[in-house]
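Two complexes follow with subunit A in common, the first pairing it with subunit B and the second with subunit C.
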Partner chain A sequence: MGMKAKTGTSLYTHFWGPLHLVALTILVLFGQLTLMGSPIDFIPLIMGASLLLLIYFVGWVIRFNRLGDPYLWTIVAMLISLGQAMQYRLSPVNGVKQFNWILIGVLVYLMVYVLYATLHGRFRSVFFHYGLLIALFAITLIFGTEINGARNWLKLGGHTFQPSELGKIVFVFFMAACVTTPERLRVKWSGREIDPKFVMMGLVYVLMGFFAIQREFGTAMLIFGVYLTFIYVFERDILFTVYNLGLVSVLGFVAFKTVSHIEVRVDTWLDPWIDIGGTGYQITQSLFAIGSGGFFGSGLGMGYPKFIPAVRTDFIFAAICEELGILGGIAVIMLFFILLYRGMKLALRIEDRYMKAVAFGLTMTIGYQTFIIIGGVIKLIPLTGITLPFLSYGGSSMVSSFATLGLLQALSGQILRKEAAQLETGYNQ
Partner chain B sequence: MVELISMAAKYVLVVIIYVFIYKIVQLIYTDIRMLMGRDSVAALLPHLKLMTPMGTKGAQSIAEIYPILRPESLIGRSKKCLIILPDPYVSSEHVRIDKVGDKFFVEDLESANGTLLNGKKLERRIELKDGDKVSLGRIDLVFSEGGR
Partner chain C sequence: MKLDTINSRILHSLVLAGVLFGLLITSLTWFELRGKNDIMGNAFNKRLIAEEEEVLRGRIVDRKGEVLAETLPSENSKIRNYPEKRLYAHIIGYNSAVYGKTLLEAKYNSELIGKSNLEFFQQIQKMLSEETPKGYDLRLTISHALQVVAREQLGDRHGAVVALDPKTGEILAMVSTPDFNPNASKLEENWKTLIENENSPLLPRATMGLYPPGSIFKVITAAAAIEAGKGDYTTEDLGTTVIDGMTFSNAGEKAHGDVDLHKALTVSSNVYFAELSQKIGASALIDKAKDAGITKSFEFDLPRTDSRIGDKSMGKTELAATGIGQGKLLVSPLQMAMVAAGIANNGTIMQPYLVKSVEKEEGSLLRTTDAKSLYDMVSAETAAELKAMMVSVVEEGTGTRAQISGVQVAGKTGTAQNEKSTESDSKDHAWFIGFAPAEDPQIAVAVLLEYRGEGGGRAAAPVAAKVMSAWLKLSESE
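What follows is the complex of A and B.
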């Protein structure tokens, strides 16, 4: 055993070990949930068993068909197990709904894999993706419904969907197209040619403006983060990144002074204790919850995370910290870390510049999203409403997270293998 | 009772999750060492790894990666072979690996010193599994399905 690990056989050799640990986690978590009900609640038992089957089944599909990087699924399996147990503990009714979303998410994950593995050569035009983004905004503005003061939801049948969740994936494709084919952005204006990067900058700021109109400041921040990293990595001009940072600081300050919503958020961030009963209620409850958890937490079902408003969506991390302890919280952050590492390694490995940029952007999207919401919950940065991938309650978030994962999986699987085979035949002939 | 279980479970849970993270990080470590091997792209395809001893405790590191793409790959001392091993204990055509669809079979070509598969003498045509060690003379080759 020790020998084998040293000789380093293929990626799949030690595949099942970590997956068994995920299974053990599911047993512990859902076993507790089952015993917690009086009389004994059988729904978590069925749910846990189904989750167990699902995790092994998808693992087998990946192992058997060699769908690329197996760690992506292993890490996400751990995350959804923790998230699902927490969701059921917070609200059994919504826990069941969330479980359905996980099932749909996994289906989307596998479908996106197949779709992207076949279609990755197409749809690389800058304007196609930009058009798609604008169309998403237009649809939301015209047909959108208002929930919690933000007109960013679409009603489809009985379900509501947040188009911006899809938007941030399309944005990555748009950015990838921008940095790999900047010549497409060449525009002439009053006889002078404008540098493509300024055209790109203009397009991105318009998008951010659209997000701000819809009051999605979290998503605006997210796409700005992704944009900034893209230009930092792909543009030679470092000063350009600095200008962007400066410009957005000015814009942020103007927004802070003019939009009362943002001003409240920032003031609450600076000192939530002034108005504990009002604007500071949510964040202070979150801090109390994290604090009361201590190192090992109160134990599943033993804490009082329900005092935090929006605990199922934005504040799920605080609930995890309360019941599984700060060690549990750090474990979640570390899980995201290793997920990002896998994405980064993939981006380094791919030869095609466009797909390299896509892998990089998708990884950054997950990274920034995690940072923005966990940072908000622990009062490191001002709070903006955004979901924690794979853990927060909500169909749009779950589906878009799994779609992102499916894209990364496709890039690490068939696409990477095909590239390698092409390189190999190139050497021989 | 439930409180008691909950109390015990929370410690168990933290331990499990951290063991999980440790396992993944360990695999990632192996993975990075693998990347430092010569042809990292070749590692995506089914391949044989030539191992060299490292240190004293029997640990080995990868010296070379040979992708196996042809239906028949010969291994031996002769120039005709795909993988040439200039070792006095290796016969001129020592062992052959056949690719049949997705499967790989190893067969000893009546070599003078014989071949070991995972330490056992290879006497007939056997299918290769991921991680199998083929030993010719003093040389170890490890088979990998590839896949990254």
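What follows is the complex of A and C.
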């Protein structure tokens, strides 16, 4: 018993400190939003107070019930505080909606924790997850609605929902099942048995094709990145990773030469200034925003981020850079990196290969997604429209980000309990 | 696969993520420090207009307070007014809602709209006060009176005049022609012809134009010779000389007889300098040109082009051509004014600058630019020798038209062949660099008249004389 208490104490000793830091950030940002209005706007005051309550309440739930890694929530609490302040500043009406999505997201986060603990053993099937992915595509293609030229939205009730947000998570489970139970992928073709990893490869490329058809190049890039790191980590043969990288380079080049809107995106990335009024408009507006912010930013509410099209969703990072400076932007990047670090640390500690793969894949998904959208917004790589987890406006993104967080939290809770149990056994012996 | 292998590969993935995120941070920082410099003035950057709607853009005044650019307060639209019209087109640039911002209007935009980071608390104060906040004013080093003289001297000829204070680096006048009217209405009216005009009126020749220097470069060749211990070279000048099979001849193939360095510079002997450059060698000559700032970049208030020279592997004939200011040499008028100023200032080239101070409304200074040295071109002794030779040029050599009564002037003329020069139709550039008074230099100038087909002594020297004497009179009364 004594040992258990000791483990618990060491993990949660510094729990409240960082959370107070988040609280301070909330006070500053939402205080400023309140005073900025004329007459004084009380909605951000209420919103900030609710956010404060929320982060301490969830913090207390995690601390009290020992729900695993305490820092996952602290990091995300900082991200949503920054994001929410920016969302409200960009559009009060949508800011209120976004706040509701945060509340729902947190609910999903806690629910996933509870559900995963009871359900995780039951769905380790390759074909269940692949079937789910294909079903998602089929439903979207048949019942989908078109928004901004991409038919990748579903209407549910009064809300639109992006199935690919769920697809990203299912894909991780699919990959985890593939690499840990490859025997399920044994296929015989004209009397010869095909190596399971080639079957997996075929399935993944078909999926990428589906995403490309729906013009979700960002998501296609994302799942390919996840797939590539998966095979690097879990396939003994490194050459297999190299072949895949080569193959996709060829495919990418062919797509660049044949599919006109991929070509446009790459050309726009190489030189957006040629057609600054047209295809280059969005990215150059983003660069103007980041440039005008300088290192310290114009201050919340004092820049012009609304000049950027899609600033609340894909370009939220540019808005943060403009008003909170690139130092604010770098802070966001660092927050994502420590989130990544916590996730990797968790993946390293898990012994069960399937759960290890899930933790690893989810973490890499967050990492790649962050890199792809921030890299696009600052013109480091071609721009593809995907969301920045926890910061971009939108319910699908918020819910799927929190679901991912819930899964990581559940896995870390299990580890914690298991290690505590082992220690106790050791002590008793 | 062993769990250990998997774990170490997971660590590799974390390292990869670290590298990718590091790339994001590096790229952002690079963009902030360098990448954004050229793009923020773009007309599509709507912030520039939005920010200006909330403030009264600061004025730009000359060294004595003469208004060169101002924004007049009005109810619906604020118009940037340039009372001197064309005169400052290549210094101040323009500030247009349609075509963006250029030159000083672009470089000092954040100061002009009062957005300098230094003044954070005053900005808060400004935000709380009711009246339209005002941006900061720029006080230039330019003397409006001298600028007018320089512009008059150029007349309808194409070229540039750069005048600076050799002791401080302050630019006193800088004119490039042809020019254009930067006032918004005129700019919009003339835009199409401006960008299509083959004379490139939008090109600031003084800072961004590159020309072969011709004989004005001989002061650098002379400096290289003195410092390489070859200053005592003498030859018999028969009007032409052959180097490695190629003939180099004086203007009009005039023979000057026995010449030493002093005499050769005074009469601008191509024969002497072509031979001298062989004694100096490519390496020492190029090094000296670099000491004088050729090929080098420096921080300046306006965009500028680096001057160029051939490389050290050049052959004998190219070396001879370089020694007399031809070959692959290309220089800007600003660069050559700096060379003249360096000789005037005992061998030290001061950093040139245009903005003397950024001022708040009441005339209190936000910040001032300090004079600082940029390059040590030659030693003080070499500078004194060069100065004596340049005095002879004006007193008895090719530059007599640069004389000012009662003042000792030092100078060097140049007549530069270029891509348009042919035997039947000389399109040579006319050059003059110099300073005055020789014993205590107050002003250094470079004058360039492009494609005139006239000698520097005939065409450019009188322009320099007028500009220098005007400044000496002005500074007496200042």
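We take it that the second predicted complex is superposed on the first by the 406 of 429 C-alpha atoms of A that agree within 3 Å, B and C clash if a C-alpha of one lies under 4 Å from a C-alpha of the other, contacts with A are read in each partner's own complex, and residues count from 1 in each chain.
By our rule, contacts are C-beta pairs under 8 Å (C-beta built on N, C-alpha and C of every residue); 3 or more make two chains touch, one makes a residue touch a chain.
Nothing here was measured: the structure is a model prediction, and the numbers come from that model.
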Touched partner set for A:78, first subunit B, second subunit C, both or neither: first
First (subunit B), second (subunit C), both or neither touched by A:326: second
Partner chain(s) touched by A:371 [first = subunit B, second = subunit C, both, neither]: second
Subunit B versus subunit C as contact partner of A:307, first or second or both or neither: second
Partner chain in contact with A:233 - subunit B first, subunit C second, else both or neither: second
Partner chain in contact with A:296 - subunit B first, subunit C second, else both or neither: both
Partner chain in contact with A:341 - subunit B first, subunit C second, else both or neither: both
First (subunit B), second (subunit C), both or neither touched by A:284: second
Shared contact residues on subunit A - subunit B and subunit C: 296, 334, 341
For the subunit B and subunit A complex, residues of the former touching the latter: 2-3, 5-7, 9-14, 16-21, 23-28, 30-31, 33-34, 40-42, 44-45, 49, 51, 58-60, 62, 67, 69, 130-131, 133, 142, 144-148
Subunit C residues within the subunit A interface of the complex: 1, 3, 5-7, 9-14, 16-18, 20-21, 23-25, 27-29, 31-32, 36, 39-40, 42, 44-47, 50-51, 117
Contacting residues of subunit A [partner subunit C, same complex]: 229, 232-236, 273, 276-277, 281, 284-285, 287-292, 294-296, 303-304, 307, 321, 326, 329-330, 333-334, 336-337, 340-341, 344, 347-348, 351, 353, 356, 360, 364, 367, 370-371, 374-375, 378, 380
Partner subunit B, residues of subunit A touching it in the complex: 3-14, 17-18, 21-22, 24-25, 28-29, 31-32, 35-36, 66, 68-69, 71, 74-75, 78, 82, 296-302, 323-325, 327-328, 331, 334-335, 338, 341, 345, 349, 412, 416-417, 420-421, 423-424, 428
